[in-house]
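First subunit A sits with subunit B, and in the next complex the same chain sits with subunit C.
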Partner chain A sequence: MVLQGLITGIIIGGILSLPVMGVALIYGVTGILNYAIATIGTFGAFTTWLLLPYGLLPAILAGLLTSFVIGFGIQQFLLNPLIKKKGNDLTLFFIITFGIATIVAGLTKNFFPRPTISIELPKLGTLFIADVAVDINKVIAIAIAFSILLVMRFLEKTTKTGKSWIATSQNLKMAKLVGINVEFVYSLVSGIGCILGFIGAFFWGVLYNLTVNTGWDLCFLGYIIAIVGGIGNVWGGMISALIMGVVISFAGYWLGGMWQSVALYVILFAILIVAPKGILGSERSV
Partner chain B sequence: MPPLLMEAENLTVTYGSYAALKKVNFSVFEGEIVAIVGPNGAGKTTFLETVAGLLKPKEGSLKFRDRNITKLEPFQRRKMGLMLIPQEGNLFPSMPVKENLQLGAFFENKRSTEEILNRVYRIFPKLQDRTRQLAGTLSGGEQRMLAIGMGIAANVKALMIDELSLGLAPKVVGNLLSILRDLRDETGITLILSEQSIKALDVADRVYGLEAGEIRFTEDAQQLDRDLIKSLYLGA
Partner chain C sequence: MTIRHNLPRLLLPFVLALPALFVFVGGYTQWVIGYLYLFIIQGYVAWLLFYKTGQSFYGYSATMALGAYTCVVLQRLTNVSPALQILLGALISALLAMLFFLSTSRAKGFYAGMASFLLAILIPKLIEALYPITGGRSGVQITGLDLLLGSDNYFLLVIFFTVVIVAFIAWLINTRVGKIFTLIAENEDLAQATGINSFKYKLLAYTVAGLLSGLGGALYVNYTGSISSVDINVFTSVSIFFIPLLGSKRSLYGPLVGSMFLVLIPELFSSIERYLDILYGLSYILVMIFLPDGIIIGVGRLLARLFSKIVPPKTLGNSS
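Take a look at the complex of A and B:
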């Protein structure tokens, strides 16, 4: 019972950590809180579902690419010109990215034939942890969620593009002066953030049902988690997502579904009182 | 006369309604060391940041290597061989010394980066002892050294350094200046140095006097009348 709750919690937390890492990555580099990445990712997951008859792999690639292109395009053609004109105005970008999320959610509703879907993966069997049966697809989901963090850190350390986004997040002015095309970096990172949103939504669709509103759920949960972990802090977001996943899971067992979000907010407030900058603090200093 | 490398024509730059630069005309020839001197608030930083592309002029134009660069982004200007080391905030504080230098050499390939870094280490042996130390934990003098090292690593045609001597002991400044002059003699690099103090005049070929956003004089450094400098600071 406790073990079952813990395992469910870790799986939920692992999936939730994906959009959170997307938010953290984009915020860390651009300084913008992008409220649209989970809805864009959900649009991508619907695309994957629609194309499933053509094969799992092409469908996943199509969803991934769709999410990336939308995220990249919005940053490149809408947000970057705005940053240039208006500077980094938090309220403005809250309204704009929120608006984008609404539009994308509306498109998802109108574009796809069904409002609620579930993505069927080939059954790979079950794995036993002590005496709890766990679907292997869930294990894969969690493995991918955790390894993405490592992949991101690896890219940052070894590729020029990765180094460029770290440089941009540490010192924007100097990044421009050493020759980094920071607008391109912004767009790239936004596209990657939306890919993370996509992977989160995709697994949500594999394990549970995916609806047009899943984007919003992931968005709000994602923000609570991001705040608790320290906005922009990738590791903090990961830890926070796991804690929150476990909280959601146990609150569901012991208190009933309606108390899940109450429990989340209680934790949010408690942590913000103890540590106003989140568990590990915000990584962005500028 | 060596060919013209960079030229600013009627450059006006404003912050809101305040004009920090008023119709500034400025030119640099290849291989020159030019010093821009002037009191605090004269507009030196504004000028250099406009040339680097961080600020957009309200009026006027900029030419570099016979190309109009007024509308180019900073990275495009850097790619053409123009680099600015700003007066502050010129490091990536949470990266080690070596990665800072590598970013300085952003457009070099792997092999030439190694060579260039070794050149920087020969000039500043202290940096070589600290390749893995985070830039933000270096002392003030070492940070300045690293910033200039990044400028050298950039391997550019024209290097601009804002307030080279800021916060450094006079002896250290003297050393840095002779290092820069040697670099110019060796590589033919063009240097544009801004200074509140007049120490930079020791190595400069030519001097621009800037005050309240306007060029007051241009002189060959050797022929420069020291009274002219005084008038700049005391307000003639």
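Take a look at the complex of A and C:
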């Protein structure tokens, strides 16, 4: 039972880590916490579900592109001008991005024909880990979550775009001086953050049921876990998400479904009290 | 000069008491006005704590819920009178606010705000987990004071309590304590440099806000006669936080106008209820960008600009 709980926890944590990484990545580069990532990702996942009759790959690409375009567009046309005008006021951007999340959730509710969806993927079989049966789709979900983290770190170190967002996060003025189009980098990173939100929501829809409310839950958790992990710290976010996944899993076993969320939020609250700046602290230097 | 300066503050209780006349109209309109007043209380609490004392707190639905659910639990498990239920609800909510401040006092600004935001998410989950007593998402009904006193009398009582609470807050911010609250909001280091124990005053602000918000919550459940975790979820908290911002955080009348907007707009647009989320989201963004000082000051400026275009200042000067 312990191993089963641990595996389930790592899978939930892996999915949760995607929106968390999205929030952390965007904060690390832009200095603002975008609350709307998971609701935008949920909109993308609903788009994928709607287009599934046209083939799995086109549907996934459509969901991915929708999330990226919304994230990029919002950053480019709404948030960038605001950053320019008002700086990185966390409270201001909390309200603005909460407003964006509310609009996107409202659109998801009204635009799609069903409030609850389940994304059917082809069955790939079952894998046995020390006698515990695990759906291979779940293994793929967690593998993708970890791979994305590694790919992001690899891109940051090896590509020009990756280096430009590191430079932007470390020294904004210098990045501008050397000719980096800071606003484009912000928008690009915001779009990528929303893609991470999409992948998280997509796998949630594959493994469980996805609703507008689940999107909000991913939103709350993505945002709060990103803060608890160390605001803007991608590794901290990932570790926190995995811990919280395990907490959700074991709380479900021991306390029952109703107390699962209570246990999770009590622990998150306790961490914020003990370590107000998060488990690993902030990675952003400006 | 003093009377002129204090006129808005002196007039406020009368402005707030005037809708008591809706008791002669009765029916649903009267009910909506009473419901509006329950949010006016919360709006002024948010104004006092967030905007006047500068404390990042988003957990208004949590303090409100504690006041309301104390009444529910006491009514279901004991024979305590409704008046005592309301009083205990307010006191327990004040205790929660105090404990929250004491436990998060190490966290500053945004982080403390996020801890309170977590509280606003946690309390509805706790209510859902305790569904045998609280009714969870389906809700629970109580024999509220509206049934015991009659809906007209309880409507008047809600208005009376709102007037008293708002008058108290308006009085408080003009006392020495209120001025210290404002100083802490503007520059806590300066306040401490002048020998003010900011910890003590912040604790006081949280206690007062918790007490009044809990009282508002207790009045709420007695007015509606039922409550569920959905009524006091995190969106309620964000809406309450948004009330003074929408009306104007800089005006004494801001929370009043903000509450009217938040409660009456859904009533006016009930035919497009399914799109209200979108409307709310849009209003959050538009107000933050175009009306950062709220509707009152924003509209005032707009009218002043329009008026100066219609009657240019030079013309005004010549005519006089």
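In the analysis below, the second predicted complex is superposed on the first by the 282 of 286 C-alpha atoms of A that agree within 3 Å, B and C clash if a C-alpha of one lies under 4 Å from a C-alpha of the other, contacts with A are read in each partner's own complex, and residues count from 1 in each chain.
The rule is short, and it goes like this: a contact is a pair of C-beta atoms (placed from the backbone, for glycine too) under 8 Å apart; a residue touches a chain by one contact, two chains touch by 3 or more.
Predicted, not measured: the structure shown is a model, and the values here were computed from it.
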What does the overlay on subunit A give for subunit B and subunit C, a clash or a fit?
fit
Let me test your reading of the model: by the given contact rule, A:129 touches which partner, first (subunit B), second (subunit C), both or neither?
neither
Quick one: subunit B or subunit C, who's touching more of subunit A?
C
Would you sort A:143 into first (subunit B), second (subunit C), both or neither based on which partner it touches?
neither
Of the partners subunit B and subunit C, which touch A:277 in the superposed model: first, second, both, neither?
second
Put subunit A at the vertex: what angle do the Cα centres of subunit B and subunit C make there, to the nearest 10 degrees?
90
Which partner chains sit in contact with A:3 here, subunit B, subunit C, both or neither? Use first/second/both/neither.
neither
Could you look at A:61 and tell me whether it touches subunit B, subunit C, both or neither (first, second, both, neither)?
neither
Considering only the touch criterion stated at the top, classify A:151 as touching first (subunit B), second (subunit C), both, or neither.
neither
Please give the least Cα distance, whole angstrom, that subunit B and subunit C reach in the superposed model.
18
Both partners, subunit B and subunit C, contact subunit A at residues none
Counting only contacts in the complex, subunit A reaches subunit C at residues 78, 82, 90-92, 94-96, 98-107, 109-110, 220, 224, 227, 258-259, 261-262, 265-266, 268-269, 272-273, 276-277
Subunit C to subunit A touching residues, read off their complex:
56, 103-104, 106-115, 117-119, 121-122, 125-126, 128-129, 131, 136, 234, 238, 242, 245, 274-278, 280-285, 288-289
What part of subunit A is in contact with subunit B in the complex they form?
163, 166-167, 170-171, 173-174, 176-183
Considering the complex alone, what residue numbers of subunit B touch subunit A?
52-54, 73-75, 78-79, 83-86, 89-95, 99, 102-104, 106-107, 150, 154
